[in-house]
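In structure tokens below, several structures.
In the two complexes that follow, subunit A is the common piece, with subunit B as its partner first and subunit C second.
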Partner chain A sequence: MNPQATLSGAFLQSAGSTLPDALKTMRQQRATALADMPVPTRKTENWKYSSRHLQLDDSLAGTLVGGSSNTAFHNGDAYRVVIRNGQLDLDASELPDVSGVEVLAFRNLEDADAAQLAERLDNTLDSKAVQFARLNSARFEDGLLIRLAKNAVLDKPLFVFCENGGDKAGSAYPRIYVEAGQHSQLTLVEEYTSVGEAQALVNTVTEFSLADGANITSVRLTIEGQQTQHIGATAARLQANARFESHCVGFGGPLRRHDLRVCLEGKGAECKLNGVAVTQGQQHLDNHTVIEHVAPHCESEESYRNIAADKSHAVFNGRIHIHPDAQKSNANMSNKNLLLSTGAEIDTKPELEIYADDVKCAHGATVGQLDEESLFYLVSRGIDRKEAGTLLSMAFINELIEQIPVEPVRDAAHARLVRFIEQSFEGA
Partner chain B sequence: MANTDKQVSELIKREYEHGFVTEIEADTFEPGLNEDIIRRLSEIKGEPEFMLEWRLKAYRRWLEMDEPEWAHVHYPKIDYQALSYYSAPKKKEDMPQSLDEVDPELLRTYEKLGIPLHERAKLAGVAVDAVFDSVSVATTFKDKLAEAGVIFCPISEAVQKHPELIKKYLGSVVPQGDNYYAALNSAVFSDGSFVYIPKGVRCPLELSTYFRINAANTGQFERTLIVADAGSYVSYLEGCTAPMRDENQLHAAVVELVVLDDAQIKYSTVQNWYPGDENGKGGIYNFVTKRGACIGKNSKISWTQVETGSAITWKYPSCVLRGENSVGEFYSVALTHNYQQADTGTKMIHLGKNTKSTIISKGISAGRSSNAYRGLVKFGPGAEGARNFTQCDSLLIGDKCAAHTFPYIESQNKSAILEHEATTSKVSDEQMFLCRQRGIDPEQAVSMIVNGFCKEVFKELPMEFAVEAGKLLEVSLEGSVG
Partner chain C sequence: MLSIKNLHASVEGKEILKGINLEIKAGEVHAIMGPNGSGKSTLSQVLAGNDAFEVTSGEVTLNGENLLELETEERAREGVFLAFQYPVEIPGVSNIQFLRTAVNSMRKHKGEPEMSAVEFMKLARETSKQVDLNPDFLKRGVNEGFSGGEKKRNEIMQALLLQPKLAILDETDSGLDIDALKVVADGVNALRAQDRAILMVTHYQRLLDHIVPDYVHVLAGGKIIKSGGKELALELEERGYGWLGIDEDAAK
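So, the complex of A and B:
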């Protein structure tokens, strides 16, 4: 009965920017449409467990500026794009020079390209379901556009470093749009980090549009600091026989939220979604995924694992939606959770929504603790409890980490996870 | 066969519409709901003051609440002011005077289900004072129960005869403001059953048997309260496999179970109300709140349900496992056909140490129906060593139906262990081929396969009902193949 609070108008004031006119107009339209955007509460189904961690003070409405920007990005043998507070830093980037592959900043687009992009942005997203993606569309100040021509193959992974933070509280709206032509291939690694000490809200949107037979691997790491709230969305739309693979590794924070939506629109499309999330202290992390089987003969495979320690809170919500004509769909979802302490909380909801009969769908979810016997075995062989616990916890998620196809990322993620989990067993 | 089913539905519907145009009898309230209506209702029932207060409190809460919209069901908005909230039992002159006047198709359905002859008349709504020897049977039962000290009576009688028990337990599991429909029920509940099993008593008979013979016209807002005192046991069956003639479109019932130390309640439901015709017109809206509280140590609640009727089912029999080592079980078969919609499941709230729960849910959708499992398993911080196993399987028959699974899992205790699995499948061509090869006709084959799919749940039903439930699925599925 209570009228729901709507998003403060301060968030809808976009700063002046150097974007082409078409994109500015689009932003303005989105901002107007958002005027009544309700702020999620406990009653908002897809924010049920996370709304209380959400802080939307007006102080966060302004755009983040400053922050130390002398981070050196090392990524081994790969291409690189640096995005600071939503703005592409082309000087720090190392762009590919491969035929058929274009890597562009929104602000440098020609008018015709900008107009085309303005048409396509948000198309992969059901914007009503992902409220904060709408906010990004109203606020982005620059963005990364990757265009792959037919049969284009990017030989090395492209790393996107998104560094956000400032001297003063504020928000950033990094935006990435990938358009993959027929049978093109790309491996994209997104890494989100924080700089500076000021409170920050990072609201990201990454969209992938895959034409027939395109193949994209996306790796997403969120390793931001305690001063940063992160609300991100990734969406992919697949045409016939396209393949999308996603690996998300998330470390907890005051609020970490990621919405991943994959729409299998063409016959024979397939996707694989892996996710690992770890939380400790008072942290909170929330992963929402939706897989839409629109066309027949599509396959999806999803596996997410969470480890929650101390007083932290990990949330998973996965939905598989099989549309009426999507016969012969094959969908599998698994969600496993490990609770390391009794103060911690895991909430999970693996959903199936099925409107076709000739399909194979299954989901499984488990919640449990480390096996006492395994722990005892290791300890009895002289391994201390902390190490034993870390070993067993890593074993729980390693199956997914090992599947990350980019070696330096895999190693870095592994090392970081070990350090993180060790802390959870401190004093154990 | 397919034709028969259709005719039955049509005929049932005709009866049903007839029920609506009957001239308003003297003892029926004018449509609408306000405090005066509740006062009048309470007065007619001769309730003590505390009961009226209780109802009014519920009504005031209800006014402040919003109708829930989260369920995966669609229906036109209900105008609560257009309903009448009290109707005296139907006059005998309006009812069919003998079985000869009852639609023969309906009788054939009874025959298929194997309903005993003397019960058919009662079910078909025939106006007879005593159906065969049921009165004497009932009296025998009554003596037996009284001997054991079991209280089993209409809740309106319990309010007057056992106010201390009612005061103590009514609303203790489902408070007045629990949810929209529970609040409505608390304000206007017409009648229902009250069961109290004293300490250490094992109820000498399954209250199901008794109930079937004594099924009273309890009306659309039924309220059931069952209290099992320490060390007692009772098995209770609600509903009936036979299609029930019913005049009310909205049913908002509340069932509360209270289980103390070492006691056990086994609550079985077979629900087969009018589901609407094959175009989705008409049918009962069944919005029910069922919850049991395992308050005592080592207590146990077992819910078993077979849901085949109603146009819309909205029902989540739940267990609050407060006592140490208490156990909650939920076994469900929900079948939807034509345009039926079901959103059903369970909640298992683990609060005490070493509490255990098992959920087995089988959803079968056919025709253009929609069948959703919605469940919650929650482990509170104190649920040391708690354990849950959940399995929800869906079976789809036909390519226009839908099956959904929405399981909520919340764990706040590291030593709690939970496993959840769900699958969706259809009656496979291989299975059908195998059966047909052996000379079994397609309809029978489907029914065999479906029965096999539901076996885990049927074996939890009291024996005679397990047999009937199997037949019921068969009848309900008629016309879904070929």
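So, the complex of A and C:
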């Protein structure tokens, strides 16, 4: 690819959609501003390791349609929203009827609400850092808006099933915006899956705006097919004493990229970010996280772990930025990596930028292999190597999986990880 | 049952075992004693199949089957069990999960149905009492935060669960106080059976007060230099290794 290339104009043609005018206008403005967006190359710092896996052929520019699905969305005791190729499927959804909680489709918003949303979309993002979030803003055709009034509590988790794929190549732009009022509370589970066989680009943006004391738990699973490139962004802005907890579980693909940005803007805000990623074969997965400590007395705790097998490649880039006024910040970041084969590659880069003098910051990154002594101990008890390797690999990530607060998601993620890792040891 | 003929083994190019010959029949308990560095632990590890050690020549058979051709896990399934001198801690894998996986691997090998979690929990609880381990240990990570004595008891518990044909106990007495030593010895004595051979590797004689061996061998400089009955252990305790012409310091 020509290193000077800008995004093909084909990606900036929004399909007609039923969005309210205010959102259509906003989208058009974003598209215009994007016209000269350079496609990331090896020289683009935040895409250094992933640009060569990025495939932006014009055939992917059109919106994905079709991709018949018989998926039964089981989610136990929870509410449900189904988003197919970026469009909310309200018939397949099971919306909450809880006072102070609104779950709405962008396309159904009243004009005033749409105008307000158009003002707010993108306001959690650092658009320079997440190029592809801008593309989503130029292309989304519908979206999920969740509004929680002051003190509103959603009693059960809300599952968002994002299913993408089509009969022919294309892209989808799922969009979620959560507006959490003071002391409101929500657990949101996003699950990204694929249908169909056609090549797909899935470009997501999920934004959380947390007022004082709001408390949000976000769980994000990407378990898409090998025909799907996934480029997602999640961003949260926290006012005073708000709390944001995130659990990401990612399975490898031709390209899996997730940018997570948390901005601690109000005094006493805190976040906890956990991530687990597994790759095998030729897969590539890249997690970029940024935590902005803007206000004093905020806390962040981050732990990401990767397991890379075969010739796969996993990337972690974690940045903590302590602003000058953010005294008494407490930030802790850890990234641990496990290589299951000599052909696998992990690149990890913790970055601390500190402009305040009274802070506690710690970061650490490790890359290792399975412990030979532990492996010998297990096989000396008759356990075969595949099972022993799987047990030890799961031991490496279990601590994080166990913290996923929604039981059916935790169990399903665990079972899926075991199957994935077993495959990594097959024929090894 | 176990037949070792002229076994030579080295680690990182250095020869440690220099021609071991040993025959152990079913039902017998043998003790191998010797100063530090004589090759006792190497022998245990080689028998279990640790590929950090290279067997350069010789033959080892278990009931006529060539052990040296088998992978570690295959040896275990054929009935070889090594109680480690230093059992490894594996945080993140629970003891109960580990034990059940091991037992079910053996059962699968023998064509027996796997044990359910509930069924196995019952068995594991009973067995843990036999070695005086609190059943709470089952929920913890494998050997994680266990004291030296608890680790050794956990090893014996595994032997009781896996019911091996050949149990090799590598310095199972080291680091144990007298009460723990008795518990471990009771466990080992419970393993004694007509169809099972036990090979104890030890530096000290005191374990042999509690587990009385049928034969005692002295290993020094990578070879067995003397064999005898249980009285040989007492003699070693009294006289040390010097009378056998072993310089303990030089052996290290």
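By definition in this document, the second predicted complex is superposed on the first by the 425 of 428 C-alpha atoms of A that agree within 3 Å, B and C clash if a C-alpha of one lies under 4 Å from a C-alpha of the other, contacts with A are read in each partner's own complex, and residues count from 1 in each chain.
What we mean here is this: a contact is a pair of C-beta atoms (placed from the backbone, for glycine too) under 8 Å apart; a residue touches a chain by one contact, two chains touch by 3 or more.
All figures in this text were calculated on a predicted structure; none of them were measured in a lab.
Asker: After the overlay on subunit A, what do you see for subunit B versus subunit C, clash or fit?
Answerer: fit
Asker: Roughly how many degrees, to the nearest 10, is the angle at subunit A when you join its Cα centre to the Cα centres of subunit B and subunit C?
Answerer: Rounded to the nearest ten degrees, it is 80.
Asker: So in the superposed three-chain picture, is A:Ala395 touching just subunit B, just subunit C, both, or none of them (first/second/both/neither)?
Answerer: second
Asker: Looking at the overlay, does A:Pro38 come into contact with subunit B only (first), subunit C only (second), both, or neither?
Answerer: neither
Asker: Touching A:Gly9 in the superposition: subunit B (first), subunit C (second), both, neither?
Answerer: neither
Asker: In the superposed arrangement, which partner chain does A:Val359 touch: subunit B (first), subunit C (second), both, or neither?
Answerer: first
Asker: I'd like to know which partner A:Gly76 touches here: subunit B for first, subunit C for second, both or neither.
Answerer: Neither: A:Gly76 stays clear of subunit B and subunit C.
Asker: More subunit A residues touched by subunit B or by subunit C?
Answerer: Residues of subunit A touched, subunit B against subunit C: more for B.
Asker: With the two structures laid over each other on chain A, which partner does A:Ser380 touch: subunit B (first), subunit C (second), both, or neither?
Answerer: The answer is second: A:Ser380 touches subunit C but not subunit B.
Asker: Note down the smallest distance between any C-alpha of subunit B and any C-alpha of subunit C in the overlay, whole angstrom.
Answerer: Minimum C-alpha separation, subunit B to subunit C, in the superposed model is 15 Å.
Asker: Between subunit B and subunit C, which residues of subunit A are contacted by each of them?
Answerer: Shared contact residues on subunit A (touching subunit B in one complex, subunit C in the other): none at all.
Asker: Inside the complex, what are the residues of subunit C that reach subunit A?
Answerer: 48-50, 52, 71-73, 75-77, 81-82, 84, 87-88, 90-93, 97-98, 101-102, 105-106, 109, 141-142, 158, 162
Asker: For the complex, which residues does subunit A have touching subunit C?
Answerer: 371-374, 376-385, 387-388, 391-392, 394-396, 398-399
Asker: Show me the residue ranges of subunit A that touch subunit B in the complex, using the header's touch definition.
Answerer: It is residues 1, 45, 324, 327, 337, 339-369 of subunit A that touch subunit B.
Asker: Could you please specify the touching residues of subunit B with respect to subunit A in the complex?
Answerer: Going through subunit B, the ones touching subunit A are 64, 66, 70, 379, 381, 394, 396-426.
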